[in-house]
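What follows is a structure written as structure tokens; I'll ask about it next.
In this document, chain identifiers A, B, C and D correspond to the written order of the chains, with residue numbering beginning at 1 in each.
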Amino acid sequence: MSGNSFGQLFKITTFGESHGEALGVVIDGMPAGIQINLDELKKELKRRAPGQHAVHTSRKEEDLPEILSGIFENKTLGTPITVIVKNTNQRSQDYAALKEEYRPGHADKTTILKYGFRDHRGGGRASGRETLARVIGGYFAGLIIPKVSFYAYIEEVAHFKMKEKPKDHSVDRGEINIPDKDLSDEVINFLKVCKQNGESAGGIVTLSILHSPTGLGEPVFDKLKADFAKAMLSLPACIGMSVASGFELTKLPGSQMSSDSKNFGGMEGGISNGEEIVLKMAFKAPSTIGEKAKQGRHDPCILPRVIPVVESMAKIVMADHFLRQSAYEIFHS
Amino acid sequence: MSGNSFGQLFKITTFGESHGEALGVVIDGMPAGIQINLDELKKELKRRAPGQHAVHTSRKEEDLPEILSGIFENKTLGTPITVIVKNTNQRSQDYAALKEEYRPGHADKTTILKYGFRDHRGGGRASGRETLARVIGGYFAGLIIPKVSFYAYIEEVAHFKMKEKPKDHSVDRGEINIPDKDLSDEVINFLKVCKQNGESAGGIVTLSILHSPTGLGEPVFDKLKADFAKAMLSLPACIGMSVASGFELTKLPGSQMSSDSKNFGGMEGGISNGEEIVLKMAFKAPSTIGEKAKQGRHDPCILPRVIPVVESMAKIVMADHFLRQSAYEIFHS
Amino acid sequence: MSGNSFGQLFKITTFGESHGEALGVVIDGMPAGIQINLDELKKELKRRAPGQHAVHTSRKEEDLPEILSGIFENKTLGTPITVIVKNTNQRSQDYAALKEEYRPGHADKTTILKYGFRDHRGGGRASGRETLARVIGGYFAGLIIPKVSFYAYIEEVAHFKMKEKPKDHSVDRGEINIPDKDLSDEVINFLKVCKQNGESAGGIVTLSILHSPTGLGEPVFDKLKADFAKAMLSLPACIGMSVASGFELTKLPGSQMSSDSKNFGGMEGGISNGEEIVLKMAFKAPSTIGEKAKQGRHDPCILPRVIPVVESMAKIVMADHFLRQSAYEIFHS
Amino acid sequence: MSGNSFGQLFKITTFGESHGEALGVVIDGMPAGIQINLDELKKELKRRAPGQHAVHTSRKEEDLPEILSGIFENKTLGTPITVIVKNTNQRSQDYAALKEEYRPGHADKTTILKYGFRDHRGGGRASGRETLARVIGGYFAGLIIPKVSFYAYIEEVAHFKMKEKPKDHSVDRGEINIPDKDLSDEVINFLKVCKQNGESAGGIVTLSILHSPTGLGEPVFDKLKADFAKAMLSLPACIGMSVASGFELTKLPGSQMSSDSKNFGGMEGGISNGEEIVLKMAFKAPSTIGEKAKQGRHDPCILPRVIPVVESMAKIVMADHFLRQSAYEIFHS
């Protein structure tokens, strides 16, 4: 049953059910003496928070982070950092009706198959709400590798597809993390209609990482691409990851594939080569549809809110591998 | 630098460079008292071996497994099983010329960036040859879950695409693991031309798993799909994995997505639901092309040989999760 | 810096500084559906709490556990259980004076050597207060192996030594965990004098475990005795552990050693043999002495309060190994 | 069943049964580019080898190390280093008689309790022979921390006790690792008599470590003393470990304990303080006695041969913690 930790040297352990007392994270392996900024952390959480936009769930949660340990005088102690967010928005309702309800595409049935018991008031650990703990982890991970730039955006929603990728990380990502004004407007309209109709949509997220150190990734199993894949596929609703345009690149002959280093997605042999790292993640449409979805407490599409979560998981992977490689720096200089 | 182990309770540690003395694997966490069959193991290794078909590399290696530990009177002892395969096929040649050669798309340059030193005689740990150790691990993993059926096949090579998926695991996969005679012939011809021209090709592999136990996968990070993703992306040349047709499924509206449980690919909430598990893996075209490729000691397409490796990694993931779940059986019955 | 987790399948991660907001623990790997009893947990915490006896520190802390996750309707969910205890008893005082004070025998100086920064208001993570998180972990571990009986007691304090060991686990351990009324009285008087004089004392704790399952312990590194040793030596002030009377047993000739299975301390080859497991732990005298100690906010001897902590660590080790062995039960029956 | 790996960043995995094909070790996490010296490795193995002295077992094994991976042109590649030693000295004899023989104090019975099956020809993994793999691991660990000096010696055998500890690491340890000529002679005579009589003896080993870096050890569970304890108690026949004279130090009042930093054994708060690290290990008398012992293929006392093993385990712990701390150096300077 233990599977709630991620990372080797920089390690996060998340906890909390969607309808329990609180969610949170313990971050073990943070360097000491690093200045933190609570406002920055809150800003990251707000990027993920529900109710920020008409196309989101109408639920509003404040997601106020409380630091329980690991910080003293606004600096990291090198000890485990624990941050929790209390659950405040549970509605008083008759949960009993949900007890025997197993929603397809959710973890309801498999939770019973696995544990024989569940908190039927909500998604429990399978809820998207769990990802706020990852965003907190990502904030601290980012402090370890401040020069590395992470920029995720929505590239596709349903059949809507971005024509030209943003030229760099300074491009404004707009209201719902689609850095293409026209496409963004189209998708917003589409998702509003989805929401009214109790329909939902999936899509594809692209993550670009610039200024990556070279040499990150530990062959043969902890290759950088392998740990990115685990990180991403551990996200709710994530059903695929590729390095660059992986599945499409399979159609390229070797001569063409190798002629442009962009096709390697910033990694060769699973080790970062210092170039732009590009990953694509597929997210399915939420399974909550129909009358239930029309009540408004569900996202018709999780992609707009998943962007900071994707960046956070990538930061966690990179920070961990940065520390793992740093352990050997002394021998290579 | 340590990243050569995979799994928690069923754990493999692989070792060996392509041009070193031997490759091998230590399998820790094998149950005791299980009958083994060396011929079956050799058969699995032969499925991965080079030189079996005209479209393979012309190198021929015997890949003879030697068991060093963990087996007594043909049964497992519950102690670490070590199996090695000696490297016998190194050609005496002037390797010095290769010392400064960094092949694009290979780990040559990143190995230097990471370690500052490498065995320039070959791909070292990044060589596809390392995967024979995984096939050995997969053989033993399979003994833990003998009722689970694993069936991988090539679904696409370059622009060639299978029209109908095989109806079950009994369908013959033909000479190069394409269970569609016509497509197989087409691809064989195509790859022969590739080989002559020093060109190479990528493609997509589909893996079907039947009779999976329910309840496997450990939220929230060690979800079954997450560990499959790590396992697959740890393979050389693997640049993508999806649950079922992940990237295409993103285009389906939620109503359609949820109407057919096949779309969940055998996992809900990252936990196995007992239905068919389906994964798709993208492999890029080998980067060795041109004159070097024409010398014949490289595969124009690795997919035919990657099939047993994909199955092996899946077996290792399943066996490990089966044991992890078994630890709790006593509490759930 | 990451070293705050213990256990493989049953894994605890503790967090919190002595003078921070809260201390706590995340317990990952708890079976689902197990009934808990908050009063029992509080009772365990009270056994460790300061201020219970005249020979303790005069500090009084309530140590009220708050459950943040993993429990629903008084039963475990199989998800991470998080329990915190808020720090309420910090005195408003001028901590600045402590900033440059490095107390010998404490972690003050080594914390700076390691992290370059510390929370100088108290012992931080090195404080004995951290062990309350272990007691919480131990409570849950005990629920996994309810039939196993753990009984720790003080055998020696300074030069005072118990003459006859208690005949079984039902013997009352008295006010300060010395199950020998006369010795207990003597030691209480001795420690009262110590407290008045700003002196401190160390001693030896014996732990007896009855009804252990057989077959626990994983050769060759995770032997049961090895994991007990790590668990015990990870405790503040613990400076030794032996299996049975280890150091004295070295004087016995093999013929005598092997003639009485009691000398094996319940383990052969590092694997439990089903007999009574006996461990002895050495704890040094607290380093806080003199004027500082006379202020009364320090224990003159930590042994009375360390008893439940020792039992808790042992429970955690046993529960973890019980689950690890359970994973293989299906193959051995 | 998986418990054959030790270490986090510098990780060894040992394998092999005493009467199987070979024993060996995979060392993962070795820095790249480090020069090795095979003769030095052989010398270390010879220190542990049987048959070197009249008080040893009369078995003679060559213990010839074969390097299978991880080394190229006499330098480490940063990839897993695998070294094996073939078993050559098995006597052809009727092992069937041993099948049902469960020797007290050995792992024979507990192995059956745990695994239900064993290699009855010898001690299997519980054999002292397994420790040769640890000596190999220790050799490589030592290369990571070349300036740290490890010096173990026998301090007590049965009732024979060293009066004055050696003044530094340059003192010759004599024929059987007792750096006190008179005591050494006494013990040699005593052990010869033991051997003739089929009797055996235990004793105490002291390990001194000089020039340790400061700041090693990861609170709260991976404290340096905790990992030393696990390392030592994982050794066959080891039944106790203390920091400095742990059990005797419990008798000192706090004022005296804290007055001499030697009493801290080089660690405060479980973190190295840069002073001499001192550990004491208790080893029981071998359980093989009587007629069987008189046949001469067993050591009457394992302490003389355990010295290099103790040093090796300490090197492995130190190298691992050195790398773990190195990962954070960049943040502290």
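By our rule, a residue touches a chain if its C-beta (ideal position, glycine included) is under 8 Å from a C-beta of that chain, and two chains touch if they have at least 3 such contacts.
Keep in mind it's a predicted model, so treat the numbers as computed, not measured.
Asker: Determine the set of chains touching chain A that also touch chain B.
Answerer: Touching chain A and chain B alike, sorted by label: C, D.
Asker: Need the most distant chain from chain A, centre defined as the mean of C-alpha atoms.
Answerer: Ranked by distance of C-alpha centres from chain A, the top chain is D.
Asker: Could you tell me the distance, in whole angstrom, between the mean C-alpha positions of chain B and chain C?
Answerer: Centre-to-centre distance between chain B and chain C: 45 Å.
Asker: Between chain A and chain C, tell me the centre distance in angstrom, where each centre is the average of that chain's C-alpha atoms.
Answerer: Computed value for the inter-centroid distance: 38 Å.
Asker: Could you tell me which residues belong to chain B and also touch two or more other chains?
Answerer: 1-5, 8-9, 14, 31-33, 78-79, 114-116, 125, 219, 324, 328, 332
Asker: Can you tell me which positions in chain A touch chain B when the two form their complex?
Answerer: Per the stated touch rule, the residues are 1-6, 14, 104-111, 113-116, 125-126, 130, 156, 158-159, 194, 199-204, 214-223, 225-234, 236, 238-244, 246-247, 249-255, 257-258, 261, 263-265, 267-274, 280, 282-290, 293, 300, 325, 328, 332.
Asker: Which residues, counting only chain C, touch chain B once they are in their complex?
Answerer: 8-9, 31-34, 78-79, 219, 323-324, 326-332
Asker: In their complex, what parts of chain B are in touch with chain D?
Answerer: The contact residues of chain B facing chain D are 1-5, 7-11, 13-17, 20-24, 26, 28-33, 66-72, 75-82, 84, 114-119, 124-125.
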